[in-house]
Amino acid sequence: MRRALPISLGLLAGLAFGIAPTRAEPFKCPHVGGDFTFGQEANINSLDQMTSGTISTRNIAMNMFESLMTRDENFSPILELADSLAESSDHLTYTFKLRQGVRFHNGKEMTSADVVASFDRYARIGLYRSTLGNVDRWDAPDKDTFVITLKKVQPTFLEILSSFSAPIVIVPAEEKDDPPMQLKSIGTGPWQLVESIPGGYVKLKRYDGYKPNTNFEQKTGFGGYKQACFNTVTFRIVTEPQARVAGLKTGELQGVEDLPTKSLPDLKTDQHITILPLQNWWIQISQPNTSVPPTDNLMFRKAVQAVLDMDEIMDAASDDNYRLNVGFQYPNQAFYSDAGKETYNIKDPALAKKYLAKSGYQGEPVILLTDKDYPAMYNSALVMQQQMQAVGINAQLKVVDWPTSAQMALKSDTGWNLFYTGWGTQPALGALATMQFFVEPGAVYHPKGEIDDPEILALWNDMNSLPTLQGRKEAFAKMQKYALEQVYTLPLGSLTKVQAVRSNVKGYVPYRIPRMSNVWFDH
Amino acid sequence: MGGIIIRRLGSAVPILLIVSLITFAMIHLIPGDPAAAIAGLSATQEQIANIRHDLGLDQPLLTQLWRWYAGLLHGNLGRSLLLGQPVVQATMLRLPVTLALSAYALVITLLIGLGSGIIAALRQNSWVDQVAMIFAMIGISLPNFYLGLLMIIFFAVDLRWLPTGGYIAFTDDPFGWLATSTMPAVSLALLLAGLLARITRSTMLEVLRQDYIRTARAKGLPRRLVVVKHALANALIPITTVVGIIVSLLISGSVVTETLFSIPGIGQLLTQAVLNRDYPMVQGGLFITTALLVLVNIGVDVCYALLDPRVRYDGA
Amino acid sequence: MAPDTVIALAAAGIEDDLLERHHHPAWATVRRLLHHRLFVTGLLLFSIIAIVAALAPWIAPVDPNKLAMRQKFLPPSPEHLFGTDNFGRSLWSRVVWGAQLSMIIGSAVVAINAVFGTLIGAAAGYFRSLDNVLMRINDALMAFPAVLLAIGVTAVLGPSVNDVIIALGVVYTPRTARIVRSSVIVLREMEYVQAAVAAGAGHWRILRRHILPNAMAPLIVQLSFLFAYAVLTEATLSFLGVGAVPPTPTWGNIMAEGRQYMIDAPWIITIPGAALMITVLGLNLLGDGLRDVLDPRLRIQQ
């Protein structure tokens, strides 16, 4: 099974605290005990992990629930509640052998009947239930075996099954009919729910009956060998950034999800605080609307692409906490490719003017649709506007709030040319999830008449159906290059999210969620 | 007396009806998709559509309105889209926070406002009067969020005496509550204290000039007795009518103050609800808030009737 | 503010004063105003802001929205009078143009209130049949806490300056209407009005010649305070992030954006806040002076 390979800075920081990937012994808590309080930035509206895809829900729920398959530190699929997986020779049947002795928080032992019921609920009301569209049926021939049978061959099925966006978490069969957003918090994870006060906090405690996954030695991604070292963990909702900083400084909060960059110089000098930057939190992106002029003109889009100075934009967007990134995946991911890098960060105003002339641009207004709720969106639009105006593009800002801009961006005729947003979960989920953005329904570049670009569609089909991993990787690289050359999107750079813990907290490695397992207080 | 109460309560019903209709129309006219707000960044169209369906947001408007009124009759105001808990529960949890803060602010207002108003009236045109009125003037001119910001910069950041924000419930830690509530309460109270001081002074002056006061003084009654018994009692009438305004201003002011100091009260709840298109929360929350205000105003009217001099002197 | 207090006592004793004013020559009033200390102080303060606002294109030629990333967070200096903000924009420019916006918004809201408040208030006060309906709706609108109603209406209309003006108009017109209505109700019953009715004069004529001119005094006082509330509420809305959309340089917006940097660059907050306070203070003093001269009876009520 895969091991956690330390590539990102966050992981390097984690190494310093004693997670050496080459240890033969499974992880053991150096110190057990204590109550950990974590400052979370957003409210949660539900702990129902099957029907809620929000980050705030996932932060907590993924510490309580587990699924059949999940992702490791580099977002590659791994088994979690299964010991082994056998794929039939015709690639239509997947047979999972479930792990033995796994118990739910209510003491009940997990069997295949529970897996069946969980899948049934997901098929009924899960947020991404359409991903099971190609599944013919699932069966439980015995209490330790779960079999999925597909209708058609789908080489990417496991990648989709292991998605963590709104995963198919395994719950007791008795919860099968829980209404949407009201799933009872009974999972198999190392942490169980004590109480949840909306708008206030969620408190978890160690589940003493937890059975760690002995196929691993360390935690990795959402899975691996997990141990709950603290007695309790409290996720406190602290929406004000300054309040999180203050709480961290006084020690009221022993960890925080996000720190404003402005506070970092001061915090860096504090001996009691360890700063943990999490690189590649999301890709800051500007999406052109290719249904309306002048962004329907390829030469015009190339002009915009040519003038952009990504450093200036990302500096403003992230207060200097960023890295430039080519393409739609991050360097530590399996599918990463820099195909199309010649289109990125060109910052050549003369070239831009040439493209502008070729496009026949007459000075029509170009509307930049952004929102004031996310500083990254707002700031990047502001800077891009200036850069575009400098070469004679009549760039106008349209600033609304996030719900309005998200709604406006769903259609192509609501009066915008460039939409500012961030791709967070999708790039982490993988190349497949990300390139989904370029095909209908919901193609972000809004092709005219909602008809797919045939070349993009062909490459997308390849990504889905080519039998070899290598073949699919090459299809992705080609699709990325094509999308960038057609300027169907403008990736600006990757944002770093800065987390922090008190210095006596060891083992905390930032990831897509704050993982409370294998973290302990130094004694 | 009972007649007044029943009549006023009766007239409150059509008002609340209109309020709920206006609220419903308003929030559904607001552009922006609650499903998109909940789904957050990098949401796919399928996700947004599923959320919209699961939350019943794709039903026709009249159906949604009808359902809401039906629910209202059962005391059920729906479930908050953002918080996932019933609206009534969410509001009732946050209400005490705002009420505690408002009570604290009200105490400060009454102490400073009434106090300085009375003293200014008794020492009319002296330097005490001038100073009091200048402070009152500054009080009503200083934007409350500006005062809040200045206090944060000075007391929290520079001196580090008080926290920059957040809230500790009184039941958890009275001193912590005091620490987190003082700056918000003061910034709320200043405007109101200024208003109250000016009105109190004017009213007291007017009342002190009245014939019956002079008569009482001429009779030889001690000054303090005159002031307290007659002047103050009669001055309470217009001041009482101001209480209704003050409560309304407190709730209005709490919107900004709670946001500025991160206090989980009603004001912050409703603002976040509007910003996130949390329809059930806005509809239910505004309804509860305005119902409370209407009740307070009815209470004020009742007090006014009680304090009316014509009623009093009839009995004396 | 206290319009309900006005209502409570207006009926009690406003008759005599309204009758008196019918005979006051305008220039005598102006002279009395100019001798009133508070009024003059208020006028001075307000004029400073108004003149700065009017002269904005000349005294603040630098574009308030021009980014200059290499000059961020410069404290006030001879070169940058009020310093720069997080985008390197000139705070002097932004505050001056913000003054212009405040003046525009205040005047527009006052104008809307004057027109619609008078129309609705007079209609409700004069025509008994309309009174009930109009006042029910009026009371419903007044039952909302002002800021929340403003947030709601702005959210519906959109985040531009014009929409904020309309929203504030909607929020404050009911209060103005109430004041006009009170005056009209009292005036309607007065002898000379009854005489005109008996003589067969039309409604419109009666309103125009006899009633409205005498109802002006309380209205004018209210409008002066209203200007202050409009400016203040607009700043509050911007500060909450629901007013005119950034990067529009309203004082509230400047303070909202400056809030994150208040430790390192407090001038971004302190200066626009001070400007706001001077404006509101000036208007309040103006209102006090107007009230003292035009309508001494109202002193109890305000």
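Note that the chains take the letters A, B and C in the order they are written out, and that residue 1 is the start of every chain.
Simple rule for what comes next: a residue touches a chain if its C-beta (ideal position, glycine included) is under 8 Å from a C-beta of that chain, and two chains touch if they have at least 3 such contacts.
Given the structure is predicted, the values throughout are model-derived calculations rather than measurements.
Engineer: Using the touch rule from the top, work out which pair, B-C or A-C, shares more C-beta pairs.
Structural biologist: Pair with more contacting C-beta pairs, B-C versus A-C: B-C.
Engineer: Chain with the smallest distance from its CA centroid to the overall CA centroid?
Structural biologist: B
Engineer: Could you put a whole-Å number on the gap between the CA centroids of subunit A and subunit B?
Structural biologist: Computed from C-alpha means, the inter-chain centre distance equals 42 Å.
Engineer: Rounded to a whole Å, what is the gap between the Cα centroids of subunit B and subunit C?
Structural biologist: Between these chains, centre-to-centre, one finds 21 Å.
Engineer: Distance between subunit A and subunit C based on Cα centroids, please, to the nearest Å.
Structural biologist: 49
Engineer: Taking each residue of subunit C in turn, which ones touch at least two of the other chains?
Structural biologist: 158, 241, 263
Engineer: Indicate the residues of subunit A shared as contacts by at least two other chains.
Structural biologist: 242, 373, 400-401
Engineer: Scan subunit B for residues touching two or more other chains and write them down.
Structural biologist: 31-32, 275
Engineer: Taking the touch rule as given, give the residues of subunit C at its contact with subunit B in the complex, in rising order.
Structural biologist: Residues 1-2, 4-5, 8-9, 136-137, 139-141, 143-148, 151-153, 155-156, 158, 228, 232, 235-236, 239-242, 255, 259, 262-263, 266, 269-270, 273, 276-277, 280-281, 284-285, 299-302 of subunit C touch subunit B in their complex.
Engineer: In the complex, go through subunit A and note every residue touching subunit B.
Structural biologist: 43-46, 51, 53-55, 125, 127-130, 166, 180-181, 198-200, 238-240, 242-243, 246-247, 282, 373-374, 400-404, 406-408, 410, 421-426, 436-437, 441-442
Engineer: In the complex formed with subunit A, which residues of subunit B make contact?
Structural biologist: 31-34, 36-48, 50-51, 54, 80-85, 90, 93-94, 163-166, 262, 264, 269, 272, 275-277
Engineer: Which positions of subunit A touch subunit C when the two form their complex?
Structural biologist: Residue positions touching the partner: 241-242, 260, 262, 312, 315-316, 372-373, 378, 382-383, 386, 397, 399-401.
Engineer: Mind listing the subunit C positions that touch subunit A in their complex?
Structural biologist: These residues of subunit C touch subunit A: 67, 69, 87, 158-159, 241, 245-247, 260-261, 263-264.
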